[in-house]
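Take a look at the structures below.
Below, chain A partners chain B and then partners chain C, in two separate complexes.
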Partner chain A sequence: MLEERHDFKAWIYLLPALILLIVFTFYPIVNTFMIVFMVDYDFLYGDYAGWTLTGNIEAVIGHRQFWPAIRNTIIIAFVSVPMSVIISLFIAVWLNSIKKLQGTFQTIFFLPYVTNAIAVGLAFAVIFNRDYGLFNYLLSLFGIDPINWVAPGAEWRFSMIALLVFITWNGLAFKIMVFLSGLQSIDKQYYDAARIDSASRSRVFRKITVPLLSPMIAFITITSFIGAFKEYTAIVGMFGEQMGHRGQLMTIVGLVYEALGEPYTAGSVSLAASAAIVLFFMTLLLTVFNMWVSKKRVHY
Partner chain B sequence: MSAQNNETTYDTRRQIIVKRVVRYTFVYTILTFFALLVIIPFYWMILTSLMTPDKIASPVPVMFLRFRDMQFGNYYEAMFAPEAPDFIRYMANTVLVAAISTVGTIITTILSAFAFARLNFKFKELFFLLLIATMMIPGEMFVITNFITVSRLGWVEMVGQQYHHAILAMTLPFMTSIFYIFFLRQTFKQVPDELYYAAKVDGTKDFQYLWKIMVPIARPTIITILILNAMGTWNAFIWPNLVATRPAFNLVSNGLREFATAIEFLPQEEYIGQQMAAAFVITFPILVVFFLLKKHIMRGVSRSGIKG
Partner chain C sequence: METIEIRLQKLTKVFQAKNKEETVAVKDFDITIPAGKLVGLLGPSGCGKSTTLYMISGLLKPTEGRIFFGDTDVTDVAPEKRGIGLVFQNYALYPHMTVRQNIMFPLENIKMEKEKALERAYFYARLVGIDHLMNRKPVQLSGGQQQRVAIARALVKEPRVLLLDEPLSNLDARLRLQTREEIKRIQKETGITTIFVTHDQEEAMSISDEIVLMRDGVMQQKGGPQQVYDEPTNLFVAKFLGSPPINLFEGEIKDEKVIVGDAQFGRAEGRKDQEVIIGVRPEGFKIVERSSLKVKVDYVETIGRDTTLIIDKPSDPKYSKFDPEIAGPDQHENNNHVDEDVDVDEDMKRLQEEGSIEESAPEKKETFRAIVDADHRIQPGDEIKLSVKPHKMFLFDKETGELV
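Let's look at the complex of A and B:
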C-alpha cells in the first residue's frame, strides 16, 4: 500500500543513519580489505610502499601464534557451541513443562546474559584458583590434587577446560530464552495429537519438538558458531589480556586486538587486518555450509 | 464386572499420578541444579567481596558468612582508597557514554525504521539487502578501520588525550545499529496503513505522524532498544580499551580489568576481596535495571532469535 514514491523525503529520513553507516560500516569493509594488500601501511597517514597479493596473509600465517590461535578458536567453537545448545535445549524443554516457578527459573537462567563478562570472568578465576578455589576443593573431595587452572604457569589443557566451562556457562542464557519462546509458539495441537496416540515423552521430543524447533536450532547454532569464532572478552575477563599463560589461549580475534593494540609497530595494522580477513572467511565458510545443511535438513 | 473395571481405572490413575510425581521431582531437581550453577559465580563474587584475606586463602572454602564477619571495608577500599582505581569516575564515564550513544542510536534508528516501514523509494530493496549482508560480517573488520578513522580525526592521542575526544571516539561509531533498525521496522510495519491515510487526510505531516502516532505505538520496542543499548555500553570492553588512552577515561570493564592485571603478581588473597567488591559494584546496577525492566529485556532478546 505504498504506491506513492518519496525518494527525496525517504533519503532525508535515512540520512543520519546513512552517514554513520558509510563512515563506520561500509567504508571500513572496503578499507580493511585493501589494507591486506598494502605493503607497510601507515595507519595515521595512509601511506604505503606498494601492493602485495599475499604478503600480509603470509605474515599472519607465519606468526608464531597463528596456528595455536586457529586451534584454540576451533576447539572453543566445536566444544562450547554443541554443549551449550544441547544443555539449553533440554533446560528450555523442562522449563516449558512446568508452571510453578517457571518465571523465577527463567529470570535466574537469564542473568549471565545481562551481566558483565569481565566481572563474572574474574569471579570464575577466583572459583578456579589453585590454592583456595571452590572447584579444586570439590575435586579434592574425590581425591584429586589441586590443579592450576588460570594462574601463570597453568597447563594449556587445564586453562582450556576452565575457559570452556566459563564460555558454555555464559552462552546458556540467550539460547534458553530463544528456545523457550520457540517452544511456546509451537501449536498445542501437535502435542494433543501425540497424547491421543499415547506417544512416549522422548518420542514426542524427537518427532515433534526437535523437528518443529529445527529452524531455530539451526539459527542459534550458526550464530553461536560465529560468536564462538570471535571469543575474546570472556578470555580477557578470566585470564587477562595476555590471553592466558604465555598467550596459550590466543584466538584469531585475540591476534587482531593484540596487533591493533600496538598500531605504531610497523606491519602491525596490516597483521590485524589480515587476521580479521581470516576470521571473515572462516565465518563466511561456516555461514555457507550452514545454509546448505539447513536447506536439506530443516523442517519448515 | 464393574467393580473390577473400577479397580483398573483406579490402578492406572494411581500409576499416572506416581509417574507424574516422579517426573516433576526430576524436572524440578535438575532445574534447581542448573539454577545453582548459574547463581554460584554471582554468590561467590558477593561472598568473596565480604571476606578478609585469611578467609579468602582458607584451603577449605568458606561458603557462608555471618553478618558480623562481613568485611564491608573491602567496598570502601575498592571505591575510595587513594591507591585504588577511580571506579566512581569510570562509572560516570560509562553513564555519559551510554547516554550519548543511546540517544544517538534511538534517533537514527527511529528515522530510518520509519523510512523502511512507511515510505517507498528507489533502491529500497537493494539497500535493505545490503544492510542484511552487512550484519554477517564480523565486527573486527569494522573495528580496525574505525580505529584508524578516529585516530586520524586526532581523537586517540597516545599522550594527553582530551576528554571530549575520548567521549567522541567511544560514542560516534555506535550511534546507529542495523539490527535495531530492523527490529523497530518490524514494529512500525504492524501499525495499520489506515492510520497513515487518515492522518494524511487531516493534513498531518509525515514527521508529525511519526512522532505523534508511530513512536507512541512502538513505545515498548523503543524502550527495549534503549535498555539493550545502554546495557551494551555498560558491558563494553574492546572498543573503549582501544581508544581511551588515559586510565581516567576508562569505562567500568576496562577499569576492572586493569585492577586485576595490576595485582596479578602480588599476593592475590590480599586484594581479591577488593577486586570482587569492585566487580560487584559494576554488576549491581545491571542487576537492578534487569529486575526492574525484566519484561522489556527478555521480550527483546527472545524476539531477536525468532527472525531466523
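Let's look at the complex of A and C:
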C-alpha cells in the first residue's frame, strides 16, 4: 500500500515534464516515422493520400541536393570534431598549467559560448570577406591573392574551409571548459609520481593526462558528432539562408528546413520527415560506433 | 645498489597562505640519516613529517636549509635527478595501467631496453611478491597488493633513497602487521636508505632502525626505538610512545623523594624540591607486600599474557591540574584507524550497557593503568599495594615538560 501511494505521488511530480515530453518529443518522433510512409502528408489537416513503403525515402535520395548534403554533413563532422577536440585539449592543458591569469583566460575562452552563433557567423563572414576581410589580409602578407570565401560565386572548397574554421572555433569554448574541469579533478599525485619517475612532458600527456581524461574525451566526441550532424545555424549565420553559393553548403538539417519552408507543396513534409529519418539513422550508427570505440579506449 | 646517507641541515619550510599568513611547517631540522638504515619519521598529524619527506624528495622546495645525499648538495636538484623512489600515501598507481605497465613506467621513461626493463620489473615484482598479478589493473587489487605494487614501482629504478609516506595507513589492522614486516624485509634485502613517515608509534617502533620524533615542525628526539622509549627527553615523547600510554601523575619532589598524594613513588636523588609531572609506564608497577601506594582496583582487563589493572589515581587537591598542552596532543587521539585500546573501551561500554559491569561513578574518575603479571589473580575491588620500578619512572618539569 505504502509503495503504491509513493508511486502515485512520484507520477504527479513527473507529470508536467512528462506531458511536455510526450507532446513535443515523443509524439513528434513517432509521427515523423509515420509520415515517412505517408503520401503527400498535409500537416494542417493531417490528411494524406495513402501509404507508401519507400516512396518518400526514394524521393529524398533522388533530391538534387541530397548527396551534396550528405557529403557536406560528413565533412563537417569528421573534420571539425577531431580538430576542435584536439585543439581544445591542448588549450585546456595549457590553461591548467599556468598559474597567473588562469581565471582571466578561462573567461576569455568561454566567452564565445555565450555568444549567438548567427552573430558570430556574421562576424566570421566579415573576417573572410574577399575585399576587406582580415583573413585575406593575412594571406596577402604571404603574397597570396585575395580569395572569395563567402560571397556569391565562391568556390565550394573555399567556402567549406571558411565554414570549418568557424565551426571548429565555435566549438572550442565548451570543450575547453569540460576538459579543464576534467583536468582539475585528476589527482595531482599522479603528476608528482610521474615527475619523480622522470617522465617527459609529452609522455605525461600521452600516458597519463589523455588516458585519465578519456571519459571526458569520449563524452565530448560523441556529443560533438551528434551536434555536427545537426549543423545548420553556423552556415546560415555565415552564408545566409540559401546556405552558400547556390546552396553548395547544404546539410541534412538544411534539407529538412528547406522542405518544411514550402509546406503547401505536396509531399514536402514527407520529404522533410524522410530526411530527418536519414539523419536519425546516420547519428545512431555513428554513436553506436563511438560507444564501441570508447568502450575499448576509455579507461575505467 | 649504492647506499648513501642523507643529511638535513637547518631545513625549514614556511608555507604562505593567500592572505600572507605564514605557517612554519618545519623548523631548523638538523639530522643525519645513516646509509642503509630504515628511519621512521614519527609525529602527530600536522607536525611537519610529510613536509620533510616531500622536501627530501624534491617535490617541495625548502624555504631555508640544505639537503645532502652523501656529499652532494641536492637542495636545488630536480626530483627526477635525485635518484629517489617515493611511495605515496594513497599509492598514486596509474589506474589505467596494468601492474606491469605501472612498474615498467619509470624504466620506459629512461628509455631502458624493453627486455632488460621487463626482467627488472619481474625481479622487483617477485621481491614484493606480486609477480602473479602483473596483468591486473590497480582496482582489481587489494590495498596490500596495491601498496606492494607502489613499492615495486619505486624500487624498480634502483634509487639511492626510498621514501614512504604513511605507507600502511590505508590498510586494515592485519594487513598492516603483515606489510610492515614486508617493508622491513625488502629494506633489509635491498639495503636501501629508507625514510618512512607515520603517525603510528607502534608501527614506527616495530620496524625502524631509528625513530625521529617531531612536533610542530621541530625535532623532539632521535634514537633507536627502545632507547627513545626508555629515555624520553620530554613529556611529549614519553606520552607519544607506548601503548597503552604512559600514566601521568601530578606530584612533587620533596627531600629527594617523589611524592604523589600520600604515596611515595620513589627517590629523586640530586633534584631540588619542586612540583613535577611524574610519568610511569604501565609496566612500571609491581605488586608488593609493603608500600605507601595503596590502591583499589577498578577494572581488570585480562588478555592472558598479562593483566591490565585500571586504578583510581591517587591525587591531592592541593595541586592544580597541569596544563595538558605541555604534553601535546595524545597520539591515540590522532590515530584514524581502530586501535586496540579503542576496541577494549568499546567492549567495556557494551558490557556496562548490558549491566554485567558495575556502572562507574557518574563523574569521570581519573584512572591509571598498571600491567602486571597474569599470575596475580586480582579481582575488581581488591586492595593492592604497588611499587614503582625506578627506570620506568620519569620526572618532567611542570611548566616546560622537559625531563628534570
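In this text, the second predicted complex is superposed on the first by the 295 of 300 C-alpha atoms of A that agree within 3 Å, B and C clash if a C-alpha of one lies under 4 Å from a C-alpha of the other, contacts with A are read in each partner's own complex, and residues count from 1 in each chain.
Definition applied: a residue touches a chain if its C-beta (ideal position, glycine included) is under 8 Å from a C-beta of that chain, and two chains touch if they have at least 3 such contacts.
Just so it is clear, the structure is predicted and the values come from calculations on it, not from any experiment.
In the three-chain model built by superposing on chain A, chain B fits alongside chain C with no clash.
Between chain B and chain C, it is B that contacts the larger number of residues in chain A.
In the superposed model, A:Phe205 lies in contact with neither chain B nor chain C. Applying the stated contact rule after C-alpha superposition, one finds that A:Phe158 touches neither chain B nor chain C. Of the two partner chains placed around the shared chain by superposition, chain C is the only one that A:Arg195 touches, whereas chain B remains out of contact. Using the contact criterion defined above for the overlaid structures, shared-chain residue A:Tyr48 touches neither chain B nor chain C, since it reaches no partner. In the superposition on chain A, A:Asp187 contacts chain C only, with no contact to chain B. By the touch criterion defined above, A:Val256 lies against chain B but remains apart from chain C after alignment on the C-alpha atoms of chain A.
Once both complexes are placed on a shared chain A, the shortest Cα to Cα gap between chain B and chain C comes to 5 Å. By the touch criterion stated above, chain B contacts chain A in their complex at residues 24, 27-28, 30-31, 34-35, 37-42, 44-45, 48, 56-61, 107-109, 111-112, 114-115, 118-122, 124, 131, 134, 136-149, 151-152, 158, 172-173, 175-176, 178, 181, 193, 206, 231, 234-235, 237-238, 241-242, 252-253, 256-257, 260-261, 264-265, 268-269, 272, 275-276, 279-280, 282-283, 286-287, 289-291, 294, 297-298, 301-308.
Those residues of chain A whose C-beta lies close enough to touch chain C in the complex are 187, 189-190, 192-200, 203, 207-208, 211-212, 214, 299-300. In the complex of the two chains, the chain A residues touching chain B come out as 1-7, 9-11, 13-18, 20-21, 23-29, 31-32, 35, 43-44, 46, 87, 91, 94-95, 97-98, 101, 105-120, 122-127, 129, 131-134, 137, 152, 169, 172-174, 177-178, 180-182, 185, 215-216, 218-220, 223, 226, 229-230, 232-233, 236-237, 240-241, 253, 256-257, 260-261, 263-264, 269, 272-273, 275-277, 279-280, 283-284, 287. Of all residues in chain C, only 57-59, 79-81, 84-86, 88, 90, 92, 94-97, 105-106, 108-110, 137, 139, 153, 157 touch chain A in the complex they form.
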